[in-house]
Amino acid sequence: MPETTIESCEVKRLEILSENGDADESLAPKFTDSQIRELYETLVRMRTFDGRALNLQREGRIGTYASILGQEAAQLGTAYALEKRDWIFPSFRENGVFVARGYEMYMILQYWGGDERGIKVPEDINMFPISIPVGTHMLHAVGAAMAAKYKEDKTVTLTYFGDGGTSEGDFHEAMNFAGVFQAPVVFICENNQWAISVPRARQTAAMTIAQKAFAYGFEGIQVDGNDIFAVYKATKSAVDKARSGGGPTLIECHTYRMSDHTTADDASRYRTKEEVEAWKEKDPILRLKRYMEKKGLWADSYGKQVDEDAKALVDEAVKKAEAVEKPKPQDMLVYTYKELTPRQKKQMGDF
Amino acid sequence: MPETTIESCEVKRLEILSENGDADESLAPKFTDSQIRELYETLVRMRTFDGRALNLQREGRIGTYASILGQEAAQLGTAYALEKRDWIFPSFRENGVFVARGYEMYMILQYWGGDERGIKVPEDINMFPISIPVGTHMLHAVGAAMAAKYKEDKTVTLTYFGDGGTSEGDFHEAMNFAGVFQAPVVFICENNQWAISVPRARQTAAMTIAQKAFAYGFEGIQVDGNDIFAVYKATKSAVDKARSGGGPTLIECHTYRMSDHTTADDASRYRTKEEVEAWKEKDPILRLKRYMEKKGLWADSYGKQVDEDAKALVDEAVKKAEAVEKPKPQDMLVYTYKELTPRQKKQMGDF
Amino acid sequence: MATMNMVHAINLALKEEMQRDKDVVILGEDVGRDGGVFRVTEGLLEQFGEARVMDTPLAESGIVGTAIGMAVYGLKPVAEIQFMGFIYPAADQIFNHAARIRSRSRGRYSVPMVIRTPYGVGIRSPEHHSESSEAHFCHMPGIKVVVPSSPYYAKGLLISAIRDPDPVIFLESTRLYRMIKEDVPEGEYTVPLGKARIVQEGGQVTVISWGSMLQKTIKAIEGVDAEVIDLMTLNPFDEEAIFNSVKKTGRAVVVYEAPKTGGFGAEISASIAEDAMLYLKGPIKRVTGYDAVLPLPKLEDYYMPSTERIRKAIDEVMQY
Amino acid sequence: MATMNMVHAINLALKEEMQRDKDVVILGEDVGRDGGVFRVTEGLLEQFGEARVMDTPLAESGIVGTAIGMAVYGLKPVAEIQFMGFIYPAADQIFNHAARIRSRSRGRYSVPMVIRTPYGVGIRSPEHHSESSEAHFCHMPGIKVVVPSSPYYAKGLLISAIRDPDPVIFLESTRLYRMIKEDVPEGEYTVPLGKARIVQEGGQVTVISWGSMLQKTIKAIEGVDAEVIDLMTLNPFDEEAIFNSVKKTGRAVVVYEAPKTGGFGAEISASIAEDAMLYLKGPIKRVTGYDAVLPLPKLEDYYMPSTERIRKAIDEVMQY
């Protein structure tokens, strides 16, 4: 028995909705018209929020902000596949996921405005705060999933990270624990082709991110991340699988970061206009709009209304965010431990 | 274009020398008779050393020791494929590799006897000291390989680690950097089925360790780690590839830890006698001996002589190790930095 | 009431807490089938099953990171790091996450987790098996650090740590594991976190230490009118007990086995120098490990603060 | 001689050292094409090529771990960690390897490496972007820690750090990056490691600080007869300079922006309390960050030691 094949793996890519709005109906999720509209309206709300946040930053009204432009379908298609009881562990770029989950928009602005109270997640939303250290929070999702399994809760956890995040050791440990403990967790990589200035090809020599799942004994799949049907479908089936005891899945949403990395970045230093231009035609919202047109779900008046409604909601959120009172300096101490330490009590006296 | 296959991977296993000593000659490395003898004699020396070290520990003459019993072919077959200019980055279980590379055996004993001077690698051996933190030193091998590439040195680095070591984040980062920078490095996993009490199946849900290379865009292969021909052949071709600019390779040596984890461990707590027994027939030295018998390279007198020579060498090493003077307490301070700090100078006065 | 060593006392605390509260789970390398390399978790897998006593892959960040997720979800994980020298791969999870999640979420989430780990010099182990790096974790708001010095306190402190709403690093001296036997009650009792203990009252000098150094200290003070403080919780530490004692004695010696520079004892000295200075008669001495990489066994006895070195420092401060 | 800010001074040091010695290489996240998120490595990729200025995958342990391998092999890597808050994933490589390889190999191998990283409060950044965790690295024999307080010293210290035979953590205050401009000579000059600098002589009180806190200190002492010490190297630190000053002034204040408990300033206080106690007139005060998770921008100014808080401490010790 000389050289034999003992294992093998195929990496698939799922695409359902084409750039010009045609869907492969044999694969498309069975959405009702009102669901399609809900998806579209949410996408617009996400984008409107995002654009406003960028403006607020430029005007010095909030701090550094990380845009989601171009990644709306990847964020909504995944979040939409979850139930309310399921848990989300986001990175720092999931502003759209927060919006999609019904998180108060003014609080997201408050957070990026430099006030931690904006990220005090309300009791009725199963979502973890933004995690800035890249690649580290997936472990929390796995641990929560292990706990859910232990408690026989039938909840699923889902965690987001970027292509850059896959290079951190914690990504590896999270994936490995998930495989070993068959944790009900879904890993969503928003592969937006860049980690600040580092292109995807320099992040890993693997052809895809999806194939990394093979190293941990579970399935990985790549989807067109600007195709909300493909994103949703892959996520839904991963969530169902996790919920029914089938263990973890890795989903690579192949998408693109249309903006600078954050408002502190200038992407023109390291990538070409042409590259960005080429992705404009792949826009996730445009694509859904074209689909709706073809399906007779579109009217320009509808589109206008959706835009205006989104704008009004965001306007209100901005107003609310800016009306929030400044935090008190003491606030910085009180959440360190359940109770103040003796030394902290003395330090409170400084204010 | 719905679901398409965009990447694929096959994991191979290489076996050349069977348990009863038959070799697939079409695959077998072209060793001369004297090389075969050299391999056998080195294997015996490794095992003799190892057995003696275990005894010395039992007698309280050295400290905790990690046995290589059963893993001799994995250690020699890999080391034998290197040139003198190549670099080795070992874990804590490569005592056999040290022996194979001509490292003074008395110094290995001195090290395990609790004296760091035993691991001061002589200038003419390109080998790094033993690294106890599991999974961490592969990064050094990758960095050294990157440096060699930068200096256009044409040297290759090779690093050893266990199945347990593949779970650490640093393994991931080392593999990933190696892939991205196409570093001339060979990763040797001695998959001996156990990480202390944790069985291989609980270390990762992947079917093989070899397949993990796919996640980093380079080749991985499993070999029968008790088959010195297969180990050598796979390593030699990985080393040649690395030297000629072909980048890294992962080799999984599928073998078995016949002893306790270390002398501080009691493996009977967590694994069955039957499992251990089953691996006895796969012994790497026995296998080579059977091959030599079939090839007419064997005589009982030869076998006896080899045993005696090994014993004599090890006897001498033990004597030499035990004749070494105790280190001076000051020694603990002098190698912290190139020069003593002012505070350390004061501290030297304590002794 | 039974007489037992620290390994058994800790094992008992774990067992009783697991019986009491099914949200208490254990995870780590070799904690299950093997019962831990020091046998601290022996018998727990058999009693509570694989779902509650989890042998994990060999990955410290993974252990702590998943434990954080479990804690956030409502469990009370007790994670084991096999030796303190191997805690660094988990440093990011401890510093950037465990310590900060309550603060980051303004109290919405918390991390009621314990990280147990053996520490300290004295059992002739290989490199990285004898470190005391408590100082790092004491310089991290949001983390508590606890170090018991005997079986009785080990059990009572561990129960408190498990019930504590915040993350606790629980350090177990390998040297003490089997050194002392003591009466340890069966059943529930707690020793409060954040409180030091006056081991012996005295009037002339205050000697502060913790863990395995406490035992050395007790030997070193023979014949001296010393007040001995066992700090027990290093973060947050009991300033008041220290200041009260120093106000009485006017002299202080701090003993710790980590490298001198930047060790946690520096904080104790600095605190005294800041808030109880006016009561001092002379310098505050520290008896510590050296500013060196901890040597292998042949030299470890020279590295570790000895009774003689502690006594010498006491004699020195007594001259003022 | 040109006038420049700290970003440019550091850039110049890197450029000149790379010109001088082709074993000097740079690696880190975004250090190449982007020139670093603070532009500290701007232009170096263009000048020295991809083989010497390496954009790495996003993995801090990988950056430091491979840099160790390079250093051992004979290069002099200058690794960048994008922000000090992200250094912890590399803690194990720094503590268990970089710091110990010379010792472990009894001098056969060494790690002549620099880890540059921006630190400190003051530029309204997101969470984890403003930490000062120098204390951890000062409690690690085998590691040096250097913190410049101005462009001139940044260049001279970085050149020394690159040429130093041991691993150096080089901390760059984000607040200082573009705050001060100063005359910085072109070409080689070095500022020695391990030596503090008397910024201003004085007779009544010694104020010790480093990095960005030095600038605050200088403002705070206006009208006081204070001796100001810029520590510059924290590990190993210049005890002698501190003791000499305290012997003269009899009073000491230490300023640092990390959380108070266990910060490196505790070591300074403790050292004074141990070896220069008899010269002190009163308590040694510390002005520090709070024992809290560093707040987001809305509260960061309250967290950071202010000129007023420093002045208040000086006034307090002057009462003795």
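Just so it is clear, A, B, C and D label the chains in written order, and each chain counts residues from 1 on its own.
The definition used in the following text is that a contact is a pair of C-beta atoms (placed from the backbone, for glycine too) under 8 Å apart; a residue touches a chain by one contact, two chains touch by 3 or more.
Small disclaimer: the values here were computed from a predicted structure and weren't measured.
S.K.: Moving only to chains each one touches, count the minimum steps from chain C until you reach chain D.
M.R.: The least step count works out to 1.
S.K.: Can you compute the centre-to-centre distance for chain B and chain C, using the mean CA position of each chain? Integer Å is fine.
M.R.: 36
S.K.: Could you please state the distance in Å, as a whole number, between where the Cα atoms of chain A are centred and where those of chain C are centred?
M.R.: 40
S.K.: Where in chain A do residues touch two or more other chains at once?
M.R.: 116, 133, 136, 167-170, 173, 176, 180, 202-204, 335-336, 341, 343-344
S.K.: Would you give the residues of chain D that are in contact with at least 2 other chains, written as numbers and ranges?
M.R.: 56-57, 59, 61-62, 85, 89, 92, 96, 103-104, 127-128, 141-142, 236, 261, 290-293
S.K.: Treating touching as the only link between chains, describe the layout with one word: line, ring, star, complete or other.
M.R.: complete
S.K.: Quick one: in the complex, what on chain D touches chain B?
M.R.: 25, 51-52, 54, 56-57, 59, 61-62, 65-75, 77, 89, 92-93, 96-97, 101-110, 141-142, 144, 165-166, 194, 236, 238-240
S.K.: Please give the residue numbers of chain D that touch chain C in the complex, ascending.
M.R.: 61, 85, 88-89, 91-92, 95-96, 99-100, 103-104, 127-128, 133, 135-136, 138-142, 235-237, 258-259, 261-275, 277-278, 280, 282-286, 290-293
S.K.: Mind listing the chain B positions that touch chain A in their complex?
M.R.: Residues 1-16, 24, 26-27, 167-173, 176, 179-180, 182, 202-208, 210-212, 214-218, 222 of chain B touch chain A in their complex.
S.K.: Could you please specify the touching residues of chain C with respect to chain B in the complex?
M.R.: Per the touch definition, chain C meets chain B at residues 29-30, 32-35, 37, 55-62, 85-86, 89, 124-129, 260-261, 290-293, 295-300, 302-303, 309.
S.K.: Show me the residue ranges of chain B that touch chain C in the complex, using the header's touch definition.
M.R.: By the definition above, chain B touches chain C via 63-64, 92, 111, 113-116, 132-136, 164-165, 167-170, 195-198, 202-204, 264-265, 269-270, 326-327, 329, 331-333, 335-336, 341, 343-344, 347, 350-351.
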